[in-house]
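Two complexes follow with chain A in common, the first pairing it with chain B and the second with chain C.
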Partner chain A sequence: MSTGVTDQFPGGALAAWEQGEAQGRRALRQRQARILMFVLLGWLTMLLVWQWGSAQLPGRVLPGPWPVAQEMWEIVASGRFVRHFLTSVTRTFMGFGVAALVGVPVGYAMGRSRYWRAFFHDGVTISGTVPALTYAVMSLIIFGISTIGPVLAVALVSTPYVALNVAEGVRGVDRDLIKMSEAFGRSRREIRRHVLIPTIVPFVYAAVRLSFAVAWKVEALTEVFGGRNGVGFEIRREYQLFNVTGLLAWMFLFIAFMLVIERLLAVSERRLLAWRPQERAGI
Partner chain B sequence: MSTAVQRRETSAPTGEPAPPPWYATDLAARLSSYVFGLLLWIVLAMAFERVPGPDEVVVRLVQEFQLGQVFGHFGTTMFRFGLGLLVAAVGGIAIGVLMGLSPISRAFFESPVLVGLSIPAIIWAFLTVMWFGFGWKAPVTTVALSALPFVAVNVAKGVLGVSRDLRDMSRAYGVSRARRIRELVLPAVTGYIIAGVRFAVIIGWNAVLLSEWFGATDGVGFRSRYWYDANRFGGFAAWVVLFVVFIVILDRVILERASRRAFRWRDES
Partner chain C sequence: MARLTVDDLCKTFPGSGGRPPNRVLDNVSFDMQGQVFVSLVGPSGCGKSTLLNIVSGVETYTSGQLDLTNDEGRPARLGYVFQDPRLLPWRTVVQNMLYVQDDNSSQTRDRALRYLDMVGLANNTDYFPTQLSGGMQQRVGIARAFSVEPDLLLMDEPFSHLDAITARGLRENLQEIWIESRKTVLFVTHDVMEAVQLSDRIIMLQPGGRIFDDITIDLPRPRHQSDPKVATMQAEVLGRLESMTGVNDDVSQAAPTGGAP
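For the complex of A and B:
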């Protein structure tokens, strides 16, 4: 009785199903369009509030969006954008390099032995609480005004991230895989090379992605306190010149650059680690 | 007797490992890490001429207490910090609840909050000093603006996490609105609010220090800068010890405990 309908109209059910599917897709598209509209509305409101504020406040206290956009264009066109951002981002990634060199062994030890986990636990958790100002000024005191200061500050900030992530990765290494490798007579070196390291690398990468925003801000802060070039130095200069337009222009470039790099890191992480089953499931 | 011993011996390799000797317990490991940190500091102080050693910092610390500088500056800073946090918490909770309740308001607030999260505290510190000049307004505004988006994001996550099924079911069974809020929404959201406030405290503390460093004539940040500008890094390091100890106690001891209590319902299951 129940099968009679589909037997009679073999194409009917299929057509209804397709119709329903199309309807669902349309509804989804409509909802996405509405969401997008409200995202744009959010941006628009921000700009309007800014414009309104700049009209209300006297003089050059808060320049409107348009002068700031012009200033941004000038900074980009004059080549200062590329020069200073390249300097700062190079230092940030040098800091990440140092953080990986220190953080990977620490994290490895933390993941494999209970003693080292307890040993490093307090230091790693407390360092996330310490104000960024401390790292910036400490690296200045140690190295003075130099290019190494920001690198050290970035390394200090991001090493705990790397260590914690690697520790988690090492603890998550498939014990069975190691046992099987041992059973098949693989040497310790081979196990490290083919089992441990491939498991750890994604966690180092994730740590860099997670700590990029924090590290990037600390890098700029260190340059504010004592740099001769870089984004932070430019921000400091605009402040000393009392140039609000310039400060806002550098701020928006700073934010845009940070969001782009974060997106790039996320995309490249997915590409590089696409072979991992859990990553594939995540997409 | 003998069977118990035997059982322990046989189960040792598979079951619970034997308790470690005294020098390998967790407590010993933690204590030795502090000793190691102190040694590292001494070595650094000897290697770099500009890095003050622990002895010098302790002397400066005692001196600052004797001069009566500590409590005055801390009081000033605490007032600014507290007021800024209050503004950030109220505003952040309001925006977070709105973001959690509907996808449309979430879409609307998404970009402003993202921009707010990306602006470093130093920019707010500079801008507010240029706007308000030296005084209490610049630090309070810096704290509020830096911390607000972090509260909003966390509260939104909490409101989103309230189980829709439970909400629908309790409505269907005619549970009163007051009881729904008290027994369903609040327990689910409280933990996230505390998590957001924890972020806000860490971000806000850094913000108030930066703002006072550049635009105040009193407070913890100002006093640290005073020593830094005088090239007396011992005095500066003494203040670093003070403000780091303060935030670590606030975050690790007080707020972490509150957060664990608030998430008790979740972690027990």
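For the complex of A and C:
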């Protein structure tokens, strides 16, 4: 790995090594260019199929890519995009907050003690198996049309993920590092801060990334059934107006937004976990 | 510096599942103090690691006495080098060094950096452990143990997981640091060559946990493997270790060469 410390090479070997390295880089660039071309071809094919399909059906049933793109632009330009997405994102993260507040301590207890593990295990498993749709509907029945409903649905969906991942993380703590810390006279607080928490953080991140995709959909779904604002609400409104163009526009914005958030999570994870060799390699 | 007195120390692990209790240390007595490098040598299973753990306080003993104090008569401060480096992977080299310090004064920091320099890692302070080779990681482990200014430095086969060439380099390095710092060291190893090169004194344990021999190595430092005087001494100590086989029948099971499969 290039980040590692290289030893001293004799002159000839070093030159040969550098030459090989340059060749390797060139081949890598060519391969990347080819891959990019195939990605673009894939997109082009998708758009062509869509265009073709929309030509076969009446205009209002399946509008083509161009009108949808125009509608997307209008939604963004009018400020509705920012307003509704901000609402949905805020609720999703509030739900995540609740999930973390409940899931981290539960997971910690499950990881530390076999008795707490026994206590929580079935409950967590069951609540992780319940279909997300059920949570959406249940929280609507209980809370009606309000902010609490969607937040609760998101929290219920994400908590088991967080709890199980944190438990896994705590169980994976390296006993040898704890013994080392004790041998050097570190306090329990220091051990928690420098050994335990850094062990758990990657697991929490994995939980957030895994459950985000689900949580975000649950959020939108809850808004479809009983929201007064948010992305899901907008999608339902377009549905009621039978405006397929608007529906598709919101859907694509939804997808684009979700990909951006996923990317952001991945980048911040890579920053935070820079010590892991696979993060440095950019995998 | 520390004074360590061990008197008639015994350790018996209780037998479990119908097996008889297992005596691993049998009336071990020795005494060491001041600027000495003492090695505990013996085949695997002779109780040398257990003895080290008892000295460090991780393990209890069954009977006998153990007294460990520093020059002022207070409990000695310990430094530890393990078989594997045991570095926090999420902290950089210098952060790992500072983790085991009791304060974060600039003086402490300078001391940590000085020891990193002594193990040849002055330019790698901001690397993560996974960016270093195994040998370099173990160098950090050694620097870490010295940097807490221990009264007694305990080392548990610190080079046994390294390849021969890397281990050789680290041994030379440890010797240099020791010549400079003259800490009290208790060093566990099964490698007689290593023990002769590094130690002032070699305490040999035999299976069953009895002291078999106590040898003083009176050779000038720095010592090199290639030096004929060192080689002669190594041969002599190895000879004594081999004579152990005749004394105790159990050795044939523990020693790497002998015994039925």
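Definition applied: the second predicted complex is superposed on the first by the 228 of 283 C-alpha atoms of A that agree within 3 Å, B and C clash if a C-alpha of one lies under 4 Å from a C-alpha of the other, contacts with A are read in each partner's own complex, and residues count from 1 in each chain.
Everything that follows uses one rule, which is that a contact is a pair of C-beta atoms (placed from the backbone, for glycine too) under 8 Å apart; a residue touches a chain by one contact, two chains touch by 3 or more.
Please read these numbers as outputs of a predicted model, since none were measured by experiment.
In the overlay built on the shared chain, the residue A:P198 is in contact with chain C alone; chain B does not reach it. After overlaying the two complexes on the shared chain, residue contacts for A:L101 are found with neither chain B nor chain C. When the shared chain is aligned, no partner comes close enough to touch A:A22: not chain B, not chain C. For chain A, the partner touching the most residues, choosing from chain B and chain C, is B. When both complexes are overlaid on chain A, the residue A:L48 reaches neither chain B nor chain C.
Contact with chain C, but none with chain B, is seen for A:M180 once the two complexes are overlaid on the shared chain.
Note: no residue of chain A belongs to the chain B contact set and to the chain C contact set alike, using the contact criterion stated above. Looking at the complex, you find that chain A touches chain B at residues 31, 34-39, 41-43, 45-46, 61-62, 114-116, 118-123, 125-126, 128-134, 137-138, 141-142, 144, 213, 217, 220-221, 224, 232, 235, 239, 242, 244, 247-248, 251, 254-255, 258-259. Here chain A touches chain C in the complex through residues 3-5, 176-177, 179-186, 190, 194-195, 198, 273-277, 280, going by the rule given at the top.
Remark: chain C residues 56, 58, 78-80, 82, 84, 86, 88-91, 99-100, 102, 124, 127-133, 136, 144, 148 touch chain A in the complex. For chain B in complex with chain A, the residues that touch the partner chain are 20, 24-27, 29-30, 32-34, 36-37, 44, 48, 50-51, 103-105, 107-112, 114-115, 117-123, 126-127, 130-131, 202, 205-206, 209-210, 213-214, 221, 228, 233, 236, 240, 243-244, 247-248, 251-252.
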